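The data blocks that follow each hold one structure.
One chain, chain A, appears in both complexes that follow, with chain B as partner in the first and chain C in the second.
Coming up: the complex of A and B.
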């Protein structure tokens, strides 16, 4: 009855449904009386909207509405998780390729498409800002209307800037100074499930369907935009078919909600894969880094200027930049640090969260610097990392949370697994990289656990299961606390009308935050059971275990106690739990990280010197997870992250033309790894010291595998060939060019 | 996507009737549809009628041997072509090339004639068809016409298909003596990708033939009659010189798949490798279990 449910690889809840096609995604939601929505977009990034003529479009049979900015409230409603800068429809000017200027709602998909093509938009194309360099150019056009923003930066394309650091870099000196510029391009999330949005309005409020990671933030966004009480907005969020950060915040839900209100009919918009490229992407970085080293490889200082290229609207990309660069020195002890960071606006699709939340961009620079220093100083690349890597309890940011794991153990494990130091066949090289990411800082998760008469339980939690296995892990925690198997636990998620508030599903926070809330709710149930036993049996000596109650020497199962306690009238015991991370306004991030996610990645790479092609012979990812509540899931998440990391390392990047259009818009020319592109060997190893803040000592996991893939692969290429590359991706052609330069 | 009507004729005769009733460019044949659907969705192809050729009683899917030629009918899937023992024996480079088209799912639908008629400069089977002197069989109410693939494909998305005609088969002459052939291609990733460049090599007793794809408006074929490439004792320098001369008429462009100079350089690298692979390939004169 009460075998432990933690640390065991129970089968994924919903896994069979996902692989057999039975899972119902948001795209499978069918509503009666539905209208289909198509967006009207322009063929360039930036243009002045001179006029929009909807006459022909409105004549198409079946068209029920052609919505333009003129049909929306004035001033245009705007939204965004940090800045309310994104308009429901473009007004006055478009700011990125794919930004809608109008939307059509019609009885059929075909009518909507035909009408969308017939909306006549008179425009004047304007020059677009597409790069870091141009965004910083004082003569460049402003991406955002200065009226939307406050302060002196409003007259520039710098949305925000930060100065992090400690000590005195100007006073610091070092015999070896490594100075380089690294770039990390825009990449897209490429979730297999494209974004789909539905909205329906009736006398009792508005319901929105979206496979969103943060249903409660969407709920309040819609409530604010429509002037409704939160209680009158319901968000139904079916489990996303992949999200990776690209489904965190509102995109076209507000537009579809306005259309539903205007037409009085439910409306549905489904993006194509190509349209998702125009909706979400990773923040591009340019990092200029000057690092001082002692002769023995000890880091003396870091002096960094980092520019993050956002799109036209801040979305959560602005937070990606600040949160990742707060750890711009990596997991190392650095005596003096100066980090200047700018978040830049551009006429490109809005940058948003992407698995790793800026850490892969930071690690690309930090770790490549470590490799270059090791080569210059003649020090082993593993040794230089171990020399500087923080031990448990040592600070990585002066005055902030110290290292909370045995990171050295993880590095040793990776080095051993990759065979660091063993002789290499010709044409091959090895690389190793480490990185840390700040986990969630503030935010709250609430859970309700209902213990039923037969002892089974329903968990109500607002987490989104986007493939990371939240349903399974939360069921395991509840089962473990209540002495059940996971088969006897139902996890109800994805409906703000049913499950209590959860801030968000991101930052690898759900196991720690929601997991704790669920465990607390179970303990609340058990406290109530103890009271029930005391009352039912008039006993003082009551002990509630996981699934059983001891009453004065007798042991009762929970159902037996419930029958006795409820005395013939059925009922259930409802437990409530929460975990809150409170704000610290003095902290640069608004609160200290609840834990660090640490990863060490090591690779062995074979380079085809003639073609530049890379073959990943062996790939090792070591994650410090505290405690793997479900080891198979943790490893699968880590492997998925490693493969995703290979994508941006080897082949992924969005390419723009001079009109700001994405040239490789779609699966044909934007390449992600296939099964044939996987490493010949891929190993995911875990460090488990039960030292995390989550239930049973767990930390978050599932992002780390991406962090250090790029620098590890690039360093392996350097070892194999001598070529040093500081821009991504490491395509065969780029490697070939670097080898030609190398001579 | 622009609306169009769909026709499913039951015979070639009915197909020709349909062709007669529509102007050129307004009608598009459908076999596998793997390129057609993409073109329809993007709006690049805007026909009035799509004619499905998969249900013609007098044009069944299949591969047959007639008069020293192997005839692959239009509705035959690439998967069936790849699996055919005669193709694998006599035209191994074609089997190899066909097995790189798209994914398993795509190859289960896609056809060889469709691959040719789509006339992409990068079409994967192009070089193999060229080295093997493949011919397209074009049928119309007025009879049949045979055009070598090398001449049929005129340039990007342009073919010698005339009004009233459909491509009904591809024919390959069965070689009198066994050939050593190989296929090579460069892609941006190992799984499912369009070719940055592709090439095919056939080594005979004296003559060596190369065909190249994705480096010119259409695939092209070049012969080495000097014997240098076929000669196992020739020096690498001499072979490179011949290969360089053979690839000189390539005119690669720079696009998202690769730079022109990279493509040009890779022609030599992959050419060397394909030559070595072809020369080391054991030849087999009769198919295993040939039917």
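Coming up: the complex of A and C.
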């Protein structure tokens, strides 16, 4: 039996492939006889499609298909994870800049490009809805065709509305009431790998290649759209080159599949980075928040109206909005709460999941309110948080899952690491913020573990390894349970034709859900080994450990037992495991969270009064992870989240012109952090109390580092300069202006 | 560009990872395309295609170059090193370079999409400055975007490789 594989920082499984360039990403997939696809798009967000003339395009040498809505089934096939509202190609009207009205498949990229430019689309540009204010305007045009929607909201741009809360806010009063509006803009995922999709008609079905987080959902989407049995749709999902929520759901895979079927040839669509920006983005929020505080800083009530700005189609953004605002009181005890939430449609790219799933947007408001209350009441900003922060077992949403971690411990750790309360040089300030995210509520993961004759093992799991290290941690779990090192474990993922069903790779759920399924599959293997030992040796006294079997005082290795048990005929032992979270229809979110992801972030910031530029001197992130199965991986995830949080805090936002076009489309104009934006000191610290629902007490991790970066940095700016900013990002220009108004 | 039928073919002679190669390229094709599709060296990646992300970084005569900005027809006579050329002893059972190993040792790799370009930029940095200070590494890698990592571990990996090189 080898040493424990849990809680050790083994090297990344697949790391060697990644430093040598041998890792095959979806863009590196080669198919013979390939056709190249180009999209035909318009120069504005919203336009009525009057006519499409494909004659000239079809004449280009090498063109094999020019597909328009007229070539697709009528009514237009639509898809989406919550509402089937997104058409395969725009029909009648475009609804966001970049939405294709046609697609070309040709023998070469040049021919496809040339033909796409020759598709003549006669359009009439129409006014677009681009902001929360406009979406709520009763005179604004409707983004979606009311015929496609049900209920009274169909005649508005409000896709859905929720009312959460408890107690009686109207009856509640407080000596200190803080009331403000906070905005969080649209930002883009900017995975360094742009989207690439391939499809090929195979035998009597179709195979689709996409670096997608949820291959099994894509499989059923394609099956439904094409009228195929699920078994005839195979999704091959190479490890994504970064995803962050942006690769969860179907985009142009259905279109490419239709083209493959029509042409009888494999088709490939590679989006440019600009097109990737137009594909999906983070849900923008406007939060109006009224919070009542007692003189000692105790929260008395929370009264909130939140508007989340979706794009033209619901995607999973609609769930982002409900799930995040359900925790609109953060990790605090609040006696009375009222939360009114609207999900609004607009003529912008679909809003989808993005690391944190709405939590950074919520925390921006909640935590900024805490800072303002502390300043008004003359209370220390750390103290006001500790006064209200839920202790283990206390509810943060009345009647729902109580606090499941020692969050106070995490806050103390962060405060100590940042040197809270120590004197600061002029021009510097500190900030601290906390947040929780509701993890996965429901869903199922299945795993198969095959123990081979030599004792090595193959794990088959439907999780996507998009950089978070799922392969590594699943290999560690299997290795630990079977007494191996990770070198002797092969993890097979990314192919619905091979690995069993997994609902999705999101919500930091994989370690908890798939990790449990893998551990269970290993235990299934061990149960079978015990049976085998009993049969082979006629013994009743059999004990199966991690890698060894004790048979009446003798210790055998797994391979020895397999040789004896299979008696000369080779074979393998196949274990199956699963973890299901069943739905609770009475719960507003369809189920209580399996755990909370808690983070405390503290920063020290230096403000350049002349330029408004911010220097992050020190950045501390503390995550409550239950148990870090691979500490280096967990810390690295958290560091990455911290830097991503600095991105939307300091520099990132998509800017639209009046035609609904993204102005800063591409790496030149849309800046994300580089090595030069790295804080002078960056620390990721963990709280490990083995109190999570996953294997060995693990909770999910990897999102928390970006939850509370914005309020922490903004509060540091306020401490350093007095300027209060409630709009993101905190660009040098915005800070500079705020400093001028502050006088 | 995926190496399908071309209307104009120009022969270009280059040295890639130590071997002399002749490739037929089109007039619009980039060096990145030629490497990826004509020579099957898909380690170099494309992200922005406009010289802003560094995913396509290769070494030309030992210096870092964004291969998405170089036309393949202009590469005649160049000595090019791609990420595939860093390992010694060939791709199967080859030995990682100190720098590659340092990336793994420090946990600097997450999804890995930026890593080939990042490693090549770091290699170019070390070629010019074998013992950089941390701020020089931060400065030297500022043209290479990584969306996964906190960058800290990447900087640490370069410093570790430089240290081992001492």
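Criterion: the second predicted complex is superposed on the first by the 742 of 743 C-alpha atoms of A that agree within 3 Å, B and C clash if a C-alpha of one lies under 4 Å from a C-alpha of the other, contacts with A are read in each partner's own complex, and residues count from 1 in each chain.
In the analysis below, a residue touches a chain if its C-beta (ideal position, glycine included) is under 8 Å from a C-beta of that chain, and two chains touch if they have at least 3 such contacts.
Keep in mind it's a predicted model, so treat the numbers as computed, not measured.
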Would you sort A:574 into first (chain B), second (chain C), both or neither based on which partner it touches? neither
In the superposed arrangement, which partner chain does A:668 touch: chain B (first), chain C (second), both, or neither? both
What is the contact status of A:9 with respect to chain B (first) and chain C (second): first, second, both, or neither? second
Should A:633 be classified as contacting the first partner (chain B), the second (chain C), both, or neither? second
Touching A:19, do we find chain B (first), chain C (second), both, or neither? second
With both complexes superposed on chain A, which partner does A:466 reach: first (chain B), second (chain C), both or neither? second
Just checking: does A:383 make contact with chain B only, chain C only, both, or neither of them? Give me first, second, both or neither. neither
Winner by number of chain A residues touched, once chain B and chain C are compared: C
Contacts of A:110 with chain B and chain C, given as first, second, both or neither: both
Would you check which partner chain A:530 touches, where first means chain B only, second means chain C only, and both and neither mean what they say? neither
Where on chain A do the contacts with chain B and the contacts with chain C coincide? 110, 668, 673-676
Footprint of chain A on chain B - complex, ascending: 1, 3, 38, 186, 188-194, 256-259, 262, 265-266, 269-270
Chain A residues within the chain C interface of the complex: 9, 11-12, 14-25, 27-28, 34, 36, 62, 107-110, 189-194, 239-244, 268, 272-273, 466-469, 632-633, 635-640, 642-644, 666-668, 672-676, 678, 682, 684
Per the touch rule, the chain A residues reaching chain B in their complex are 110, 113-114, 610-611, 650-651, 655, 663-664, 668-669, 671, 673-677, 731-733, 736-737
Where on chain C does chain A make contact in their complex? 1-2, 4-7, 26, 28, 36, 41-50, 52-53, 55, 82-84, 86-87, 91, 94, 96, 100-101, 103-105, 107-116, 119, 137-139, 141-155
